[in-house]
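Two complexes come next, and they have one chain in common, chain A, joined by chain B in the first and chain C in the second.
Up next, the complex of A and B:
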């Protein structure tokens, strides 16, 4: 059989078929990824917590629990640990923590609180300056893990500055009167956040900190040198 | 080469995501390799046509 010299690269049909294949496959892949993502980001409920099932986006009722950001040896990065650590960086869902004096928010109450916080965050356009879960600006601090920021913790300067005794009260106080507390060269403007909205926003932030973001932002809150403790002053 | 699956939710893409570039390399291979098949098929067609 004599072999003829042909040019496939300049053949229209080859490119046509390749384009159809690449576009078709990529479209199917994107559709598949969309459904895959839906499964990944669907929110859990109290039943998951009761059954000790870790969800990427846990139930709104995590506001009843203590939240930490610990190294998970298995996964090789920090993960949100809800209600106590089993020593390996997995959530125990046992240790509760009072949130504005209560640790028995029902699913309905917690959902409503989170919904209020979400609406308030949109109404006040937090993302104009802050970043939430990778969306927004970096003019002001990233709020994704704000709840876990040691500055708001027991000995943190932010809590001390507001004169409150708990993290949530300090955050709510700051949100309502940001002008009173000089924190940064770029001070947060007074946005007219009501006390109710402030509680919702803090619940929203606490819940957001429990979302598993695959270790992002990495090493958050672990740089102790970066935090000036009020007590050490 | 293969590590145990450690992500929160199990997924096919997470399984492929074993390390840097593994998912990217796999998807590119899956897209590019059939193009070789298309290439040789078209080559055969062109050779037999003329």
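Up next, the complex of A and C:
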């Protein structure tokens, strides 16, 4: 291209090079951060739990433990607490909790349940009505901490409604026949979830509640008016 | 209709085929959006027949697919103009069009009639992948990749053989990145955090990086074509836009990594870079207005007719500049800081932004391309707006803006009541949903959705009949 001498600021070549450099630099930084993040969010295993190592995404075997969502003093926000709280919001990895009558799922068994549940969540499109970790659709409640929702607990209505004595059985029953247990005019439809898939899904939900989401959702289940099961329309 | 086509190149004709399918999918998107909006108000509507999840899934998949169709169509359309030659593998291009269209049809039929499957890999391969926006089953993913690779090779070979312009260089490298990113959405993992990490590579790095660059390139082409802007200037702007868009958008990805299990440093990175994302969008808006005004002034000075040679396309192009800035820039910035996002994340506020941004940034400029294709097809020198052109732009823009406002109000209410006040539980969710302000907003969203759909009918009518407008200059 024959052109008069122009200032660098109006030179296409200069801007083209700048675009390439900026893009390259941003991409490299992203790739580097991705490697770091991959390390930090890879799923833990039972050894981590045995060694009291807190992982951002813990082992599938957390289904054997009691789970809470408490304020962590160092972090300044709520975090999942697994197997008991040391008083400062850190996991003790001690207190167990039965999950469908057992608290001794092996790594393999727990992985298999989680795998089934994750597959089911995709095969049934949970994400197109609900949000998972806050992403998805806004037609139905966020499921990030659904396992910890007071409605499923001893003082909530769902165990009595489904005629079950434990949280996990109540959830599994609801997931198989949501049309039978409506609590709002906006009901969850029957998605053909089998008993086995339901157990997998509950494992998936329990595991998701143990993921360290940097304090999202804030104050989950802590506020009295949000917990008391208000009369629904 | 085919017979009276004035297209000089087969590539332009192929582009117009893509546009036709895009418009059909756009219509399907609106109808399914209405179904989903009705279900918010009357939850028993089509319950257990075509549930909200299915309606919504088709709504947003049709959206993504029509926009990809329109982008591919735009590239085929502008390719001969830019390179000066016919697309090299035009026969293969046409074949790939039919393959892709067949695949899309099958996917939609499966979504409508089979909907969900058992929890097996077979479901992921054949029915749905169940991940918002990219639910298409794995077989279709692979099909899409094959078709897109074919398209890329075709474009690349044509660009190598013909004239090499800055616009073509940008489009080619951008399309390669766009296609490559799709691969990040094709993998299954039990780890939901990992899953969403890569899912956002597709969604965010598409709409806030590669698609935006595509918009920059299309706007550059359109400015040259319809207001007669100077290529050198336009291409310089384009390179600046690429630098700013990629410079902010790539690491702006961090605004989706605040709460999905990823480390805290994403708070700072996401906040910083995504806050810069509105800057290029302001720049692009100013660019369109500036070039339009400048060229008009030059013509005025020399006593020429100052109107552009494609009025409807120009109006849509200007609304793109503004809508991109408003929907993506302003509404995006509203919730992009973690301090705000911890409350707004996954609420109707997100939906407000999603609608305004997708419409403002992409629907507008792609509709401008449809009008350019109509102009090309009938060989019209100056395409004038008709009553239907004006009704279309007014009703569609007003409708989408109205939906955006209604959803923003719904979002505020949900954020304050369900999130800040009541702590995000199941019960908190429904207390907020059953609030009067929420239900009124949902009514208004439906009403404004109907307004949008009426506008769409005008748009279809106009695209089919505008060539007969007696005011056109041939």
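As a working rule, the second predicted complex is superposed on the first by the 207 of 233 C-alpha atoms of A that agree within 3 Å, B and C clash if a C-alpha of one lies under 4 Å from a C-alpha of the other, contacts with A are read in each partner's own complex, and residues count from 1 in each chain.
The working rule: contacts are C-beta pairs under 8 Å (C-beta built on N, C-alpha and C of every residue); 3 or more make two chains touch, one makes a residue touch a chain.
Given the structure is predicted, the values throughout are model-derived calculations rather than measurements.
Q: Should A:200 be classified as contacting the first partner (chain B), the second (chain C), both, or neither?
A: second
Q: Can A:120 be said to touch chain B (first), chain C (second), both, or neither?
A: Touch partner of A:120: chain C, not chain B.
Q: Does chain B (first) or chain C (second) touch A:189, or do both, or does neither?
A: second
Q: Let me test your reading of the model: by the given contact rule, A:218 touches which partner, first (chain B), second (chain C), both or neither?
A: second
Q: Where does A:40 make contact in the superposed view: on chain B (first), on chain C (second), on both, or on neither?
A: both
Q: Now for A:8: first (chain B), second (chain C), both, or neither, which partner does it touch?
A: So A:8 only meets chain B here.
Q: After superposition on the shared chain, which partner residues are touched by A:18: those of chain B (first), chain C (second), both, or neither?
A: Both chain B and chain C are touched by A:18.
Q: Per the overlay, which chain contacts more chain A residues, chain B or chain C?
A: Touching more of chain A: C.
Q: Which positions of chain A sit in both the chain B and the chain C interface?
A: The overlap between the chain B and chain C interfaces on chain A comprises residues 11, 18, 22, 26, 29, 33, 36, 40, 56, 212, 214.
Q: Which residues of chain A touch chain B once you look at their complex with the stated criterion?
A: Listed in rising order, the residues of chain A that touch chain B are 3-4, 6-8, 11, 13-14, 17-18, 21-22, 25-26, 29, 33, 36, 39-40, 54-56, 74-76, 212, 214.
Q: Give the list of chain B residues in touch with chain A in this complex.
A: Its residues touching chain A are 4, 6-9, 11-13, 27, 30-31, 34-35, 38-39, 42-43, 45-47, 50.
Q: What does chain A use to touch chain C in their complex?
A: 10-12, 15-16, 18-19, 22-23, 26-27, 29-30, 33-34, 36-38, 40-43, 56-57, 60, 111, 114-129, 131-142, 145-146, 149-151, 179, 183-187, 189-192, 194, 197, 200, 204, 208, 211-223, 225-230, 232-233
Q: Which residues of chain C touch chain A once you look at their complex with the stated criterion?
A: My answer: residues 36, 39-40, 43-44, 47-48, 51-54, 56-57, 115-121, 123-124, 127-132, 135, 166, 169, 188-197, 199, 232, 235-236, 239-240, 242-243, 246-247, 250-251, 253, 256-267, 269, 342-343, 345-348, 350-351, 419, 421-431, 433-434.
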